[in-house]
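I have a structure here, written as structure tokens, and I will follow up with some questions on it.
Letters A, B and C mark the chains in the order given here, with residues in each chain numbered from 1 onward.
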Amino acid sequence: MSNERPTDASDKKVRRLDIATHWQLMWWRFRKHRMAMSGTAILGLFLIISLFAEFIAPYGSHTRNTRYLQGPPMGIHFFDDHWNFHLRPFIYGRVNKRDPVTYRLRAVVDTSLQLPLRFFTRGETYKFWGLFESNLHFYGIDKGFVNLFGTDQLGRDVFSRLMYATRISLSVGAIGVFLAFSMGIFMGGIAGYLGGITDELIMRLMEFIRSIPTLPLWLALAAALPRDWSALKVYLAVTAILASIGWTHLGRRVRSKLLSLREEEFILSARLAGCSDARIIGRHMLPSFMSYLIVDLSVSFPYIILAETSLSFLGLGLREPIVSWGVLLYSAQNIRTLAEIPWLLISGLFVIIAVLAFNFMGDGLRDAADPFAK
Amino acid sequence: MSTLIEVQDLKMYFPLGRANLFSRHKVFLRAVDGVSFKLQKGETLGLVGESGSGKTTLGRAILRLIEPTGGRILFKNGNGVTDFATLNRSQLRRQWRHMQMIFQDPYASLNPRMTVKEIIGESLVANRLASGGQMDERILDIARLCGLNIRQLSRYPHAFSGGQRQRIAIARALVMHPQFIVCDEPVSALDVSIQAQILNLLKDLQQELDLTYLFIAHDLSAVAYACDRVAVMYLGRLVEMATTKALYYTPRHPYTEALMSAIPPDDPELPMQPVFLEGEQPNPAHPPSGCTFHPRCRYADTERCVTEVPRFREVSTGHLISCHHAESLTLTGALEHQIPVEPEGAENA
Amino acid sequence: MTQRYLLRVKNLKIALRVDKNFIPIVGGVDLSLESGKVLGLVGESGCGKSVTALSLLRLLSKELKIEDGKILFYGQNGDDAVDIARLKPKGKDIQKIRGGTISMIFQEPMSSFSPLHTIGYQIKEVIQLHLNVSKEKAREMTIELLERVGIGDATHAVDRYPGAFSGGMRQRAMIAKALSCTPSLLIADEPTTALDVTIQAQILKLMRDMQQEFGTSIIFISHDLGVVGQVADEVAIMYMGYIVEQGPTKEIFKIPKHPYTVNLLAAIPRLGNLQARKRLEPIKGTVPGLFSRPSGCAFHPRCNSFMSGICDGAFPELKEVSENHCVACYLYTQ
């Protein structure tokens, strides 16, 4: 037998297990899951983008650049035509030339114009979250225009619009999930804990809502929104619509979890100890499946995002001047537009990445939230 | 000795729906089917029976953790008699400080997200009995009494072994100084060498704090050690109740005889001569008519035993039994085959 | 005349390897089982008895590895032994042995049968895997087996699903399945622990009868000394991965040598003591966790005869102190 030293209780890691709280154990397990960690990192990046959209985007979401319409994405270069290395990345300038065949103005790459990217530079003025003004941008260019993801038919910078869209899409997701969760936990909670008639009524309500076909329901509700509502009102209404259906899924799961928890021995002990119903639910039951809720949360998020994207894509959800990923895709409905401006689909890519990231994170959370090994 | 608790005709029926689509009669699972007994202050009453006997359900019904379908639970509380069964929810919550329960599974009965200190002190908080320094003192006192290391009270249950967790559960049950504890299989899930620790702890605490126990278990040897009197349950009914010695040594009910003969003797050289019961445990939703034990009883007759339910009655002082033929049966007990074994190696230990 | 050995385990070491941790579970076990005999393996949770049993059929999960030792199985032919420890865990050789020459029954009768197939199907499956018989013959054999183990109305029972059987019945069916190919060794891991005491008595009798009839050797694992006392010819006591005492059942109960055995017998409630009103003597302390294995004799922190400098040095070897009776304790090896 090898002379390996068996792992011992004096090993720091083993000792720490003794006094670790449930959350610490969960975090340690989560950390080992590489896919989950990368998913979380991506979501972290998205979060930063949402928070600092104005700063990261070089232009506003409606700023038009008439000199570069339907322009393809501009590549970042480190090496120039003569293979010289430049530390500072740069883009090539574009000049407009008239196409001899179609007589249309087209932007053509001019390799003689090297425009270096500047970081933390001054550019367009914006109001940070509508609160204070600034013109500091993450990157920008001294003269000319930089469109890393190209421009659309109105000359708007796709990159900038994507940054703002990230904020909107994620916040719709967040608010929608929050609303759905609150409703779901509340309704499912009282159904599961009280049982009896309350349970029956709430269950029937949930089943009724869920039996209505979702897409037509959304479309109907969204179409019912008055066309003259402000974009903000529409935004809130859309979120509320999404939440009003989403809560049933969670509600049902919360209810069944509570029903099974009710018979657990530590809950019975809590009753015997004289705890009130509120204390039992709040102090004993909810924490017991909090980790389960968190997993659920991370999986519900992408659903709401996809739902909003679909609605807006069909023109029934958010609309201009609010930009979300779905709104950006709206203009990609047209085959001709798609053929000419395929880079508009990059927002679809963002959706895919976000959904995947949430799923990876959810996988990791689910694995980490396993109950204590007995 | 005064009576602390008197249970009268306690019933616990679980509805199972109808017999068939057309019948109007509802089918019930009679987990506890009319149980009556008296519990004396300071004693340990054992409750034995096999799976399906209803003993765990009875334990929970007495405390009203589940709502009994019928019957009375009279609790002599010092200032009069309270019928536990008629209390409303908030009165019940307050009464629970007098009666507590210790559960079988030390892993499931402690909230894994609370520290041991919080677990033990919870009832003090919930009932607003103490707070701050006074609460801490009470928790430390009871923890010490239960053999816990008071420096580990801020840890979480998963850091403790099964035996220690059971001590935590006992401390939690005792912190409010109740008078009556239902011990539902308190040692079944523990290692054999730890069982003795907990059994002795329960005995010592009973002396120290003047407790009364209902000791529910399926391990007949442990029950014999821990209990003053023992009751046997079969299919929701009590079939026999007597002092431990009388029940084990001179059982009067055929089912008890079968149970006792199935205990492996201390001395491995003595062959077991178990009384084998015919057939299977009947479905509790469709119990046999008359004496529910009759299909498996080798002494059953074909008339009275099949049609008439025997009464639970006293056949000799302190010895109750429900059998039509109690007077005429001579049954063998467990202890006839038991000889106290004194291992020769004992001096070395 | 000397009995033939059926199984000899020599210095078996099994360790748990997970996440760069290395934890010995079984530290060097020596066992010998004579053909036709019943060996009881007794110990509390964590002593390694189930792990030892599973290793005999190479059924350990992937984190548990056999680090060293031999498992010599002699089989019916007597002299040539196969070292099971050297066989590939997923190879054909061990698959032939499992169910054919060595079979196993477990504690939970519910989880040993698939709820989606009939009892008959699952027993026939074993028969057809190891014996070269037709489907009809296999069915015939199954019905006969079910009758032999006391399941009434076997011709109908064979087509019923496990869910329709009670715990005791399922355990009988499991015994039928295990004995279907007349193995020379049956490993029974806590077969009666989950059963009611009256059913337990029936199953014990059944096992003894089957053992007489088929001549099967049995390794009977349990934490219940009383039960083991009834079925076993020899008893081995395990503590923290080592055999601390092994000997004929009578002797272990009447003249236990190892302090752990002595203490265990004094700590179990036994009816004989009821008359004498004796107080149970618990073993002080608790079984140490996997990470806190004491040095030397693993029992020394809880032993009343602890000798400093000796017991905490190296682990004592298993030495024979009287005929067939071995102890691993420094009290006997001076």
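By definition in this document, contacts are C-beta pairs under 8 Å (C-beta built on N, C-alpha and C of every residue); 3 or more make two chains touch, one makes a residue touch a chain.
Quantities reported herein were computed from a predicted structural model and do not represent experimental measurements.
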Most contacts overall join chains B-C
Which one of the chains is farthest from subunit B, going by Cα centres?
A
Separation of the C-alpha centres, subunit A versus subunit B, in whole Å, is 55
Averaging over Cα atoms per chain, report the distance between subunit B and subunit C in Å.
32
Which subunit C residues sit where two or more other chains touch them?
289
Please set out, as single numbers or ranges, the residues of subunit A touching at least two other chains.
none
Subunit C contact footprint on subunit B (complex, rising order):
50-51, 161, 163-164, 191-197, 199-200, 218-222, 224-226, 244-245, 248, 258-259, 261-269, 272, 274, 276-277, 280-281, 334-335, 338-341, 343-346, 348-349
Subunit A to subunit B touching residues, read off their complex
17-22, 264-266, 268-276, 279, 284, 287-288, 371-372, 374
Which stretch or stretches of subunit C touch subunit B in the complex?
44-45, 166-169, 196-202, 204-205, 223-227, 229-230, 249-250, 253-257, 259, 261-276, 278-283, 286-287, 289, 304-305, 331
Residue numbers of subunit B touching subunit A in their complex, please.
60, 63, 65, 93-94, 96-97, 100-101, 103-105, 107-113, 122-123, 126-127, 154-156, 158-159, 169, 172
